[in-house]
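By letter and in written order, the chains are A, B, C and D; residue numbering begins at 1 in each of them.
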């Protein structure tokens, strides 16, 4: 295992100064996520425009470097995407973390893929995978306007 | 351990044809005893006369050779004894079984002591001690007119 | 299958009992453990010990993964659909209590009916009795016949619109009856009544497929399946575990804890409060592997052979009576010997190194039904041989001699 | 006392974690096991295994005697009056649930009050919450101050004529606070309110004398006291165990079972249904012997020395904050590091072979009270050395480097 792999510079940088922090105005969707094992929390606020594309996405959260960085990077990558495109990106991300593959999504350019790949280090730290995926599950929940809060323990 | 010590002839004989079996008429005291571990049951019927001495003592029971023989021998030995004398004999018996000593009671003659000593073999078979002592505890309970049934699990 | 090779995997059989070779015929009570299981436990405590779930250091990660591997192992072993349907308890008794308590809390009210059978172990009666004591539920007993078979038509007749649950053994720990549990579940299904199966005796001795059975709940104990003590298993359909309230409350089964309100964790954690029997659950996976290494079919075949041999030989013993004669019988043989109380049998057999059990075997209702207070019981495990049976029979013959009976 | 000799009794310390020597600072979660304990378990399964109580063959007699020896061992260890006052459960959580459920069933009704404290572990809150959910009981929280001490005067003020029970920790698993439990019991005694003590963290680390404390209930877990997982202990005054209804129902806890009525066994069997964690309970006696071989006074002295050394060294670390500053503190040290989340600390420390815990440690109320969501926690056991603390401190210093913080 390699700490430098987990805590890559880009992660540290996003962890220290997360983008899109706070509650955006006029959000149309929201959801809370919670990891009962460690107490990590995230609250995402989402504004979909008339074309059902992500116009704005912000979050409030309390968690470790990994979970903050993941949420921060997520908010950057999905802006302008449709709901289906967001899901495609999320699946590509989960796939990469679980199955050790590359990021495979046609909705991301190479730079964006590199950004997401910076989270690949968690593969070697199984207890930290949930830190990296919580915000994504919560975004999905907001998109689907699920009533229940996201709880990492019920995510496969 | 020695089975012949446990199953002495006198035990086998009493086990096969227990004395004073059944329910005597005019009993003044009674009590039921139960060993939940193995299901042994005994029901003693006791008639105390005006001088508070055991005029008659009979029992109904369902149990192993040891428990039947012990009850049978008991009914023989305590007839004519006062309540205090019965307790003295019982203590002498319990003491013999627990502490490996002789039978020490001035209310028994040598023949009677020999009879009781025939149960000393249970010392080597700790799970069978309760079989030998159930009827005595039940008699004590009858003498004291205890309401509760005897349960070997609450006897020290 | 080489039985001597298998027997040699069990260290206890190199031990002498009263100077004699151990003939262990008390597997229905608890089975002996193979070396692979004992070694796994030993290894875990020596090299890997940590609590699970809560910590994120390497030892904890490893233990958590191993713990979940057992969950998957059990799921596959009994063919459940989801691993969250496997809940670890301390024994089968707790597993049944978990269902009786939570199901009772949510679904049972005054006058509701629970059906059990005359075969049941106390562990599948007392938990329901609590609902009778505390909620005025009614317990009905499906009768058995003299052979020790449940009279299915009578069970069917007992079902009414008030019947809330049926709780029944898969295999009797006295008569060895293999209960036609699938038939019972089909009957119950038609009337929309859930079924709990007490699988304590079945899981170690016959193939169990909970998906095929379509039962709602299935409970068993690890220690009877060549595993360590301290581990019980409850299988329950997800829909039930989701609907039912929690049972034991504490660490690990919560989601969020506030001063005014607590929310509970998702499955399976919801039902696994406090520190689990971590090492024992992890070790239980080795027990499953042990059975798999033999093959369930081989195990069944071997135990059948020994059982048949035992039945044949026992029947030849003068004044010995075998209790029950069910249509389908596994290797549990209760018997009586005329003029000899079962406790005396057990004591005398023990002198010959033969370990059997005497008493009511936690089945007082069954004994009452058959007009008995106690029986002797020889029960068979994978390690038993024909030689064991020969020694058993000789020791039984000796009983009458010791007691000076003709 | 030679600490290296003691440490060498624990096989796990010859193992490497991520190529580094293991520095185990998670004993509050669960302690490592000495070889004598591991060997006893191994021996029992190899040479002596049998279930207890029910069978009368030699193996069963031996196991039953050994099981009861542990009961006497525990009784003497915590100085209870009677061995029937010692009930074996699967963990402390079950022990507390046993009391909450049975006491609640008999004595708690709508509007009755239960007092716990802001220090409590979830296992000493959730069971009482069930009574709030199901019986409309009221839970009151005795407050703590910033130091992590319970404000006794405030606790006293909470007691009313409706207070039915007080449940309180003896030693906090976050702040290490040693609670003045005797004082609390005396206050409660005057108002005739029974007290349950959660002794999970105290039994392994300070002397416990339940007769001197005069508590009504005392719960703890074997696995934190150098024993195997799967064993919990409830001490309760006989008068309570006699009055309270049974908890788990099944084999072994009954007296007579009829179709219309069941009577329950006397103590302690009344509360020990089904097959117990036989081997683990028997082995636990070896854990008590281990502690005795060291001597409780020596243990306390050693842990105090290491704790003080750790506190001193940790305080010197830049931007590290120790949580709580109780009057009397045992070897449980929760801390935060400015700008570094506890999970990141735990992961980074683990790379250096240092096992600590991060999170809320099953104490969300306490964390909320102190305005924290998570802390890192280093907890000390008999095997920890000053060298361990040096490695811990160095690893903590490394955190800020790994995360590129000044």
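Criterion: a residue touches a chain if its C-beta (ideal position, glycine included) is under 8 Å from a C-beta of that chain, and two chains touch if they have at least 3 such contacts.
Nothing here was measured: the structure is a model prediction, and the numbers come from that model.
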Most remote chain, CA-based centroid, reference being chain D: B
Geometric centre distance via CA averages, chain C-chain B, whole Å: 38
Rounded Å distance between chain B and chain D, as computed from the means of their C-alpha atoms: 46
Multi-chain contact sites of chain D, meaning residues that touch two or more partners: 18, 54, 56, 60, 254, 256, 343, 347, 358-359, 364
Residue list for chain B, restricted to those that touch at least two other chains: 37-38, 127-128
Touching chain combinations (by label order): A-C, A-D, B-C, B-D, C-D
Complex contacts: residues of chain A adjacent to chain C: 34, 36-38, 126-128, 151, 153-154
Chain C residues within the chain D interface of the complex: 11-12, 15, 17-18, 22, 24, 26, 29-30, 32-33, 35, 37-38, 41-42, 45-51, 54-60, 89-94, 96-97, 100, 105, 121-127, 129-130, 134, 141, 221, 223, 228-232, 246, 248-254, 256-259, 262, 273-280, 343, 346-347, 349-350, 354-359, 361-362, 364-365, 368
Of all residues in chain C, those that touch chain A in their complex: 53-54, 56, 60-61, 64-65, 254-256, 265-267, 269
In the complex with chain C, residue positions of chain B that touch it: 1, 3-4, 6-7, 9, 12, 15-16, 37-41, 62-66, 125, 127-128, 131
Complex interface listing, chain C residues touching chain B: 18, 339-344, 347-348, 351, 358-360, 364, 367, 373-374, 402-405
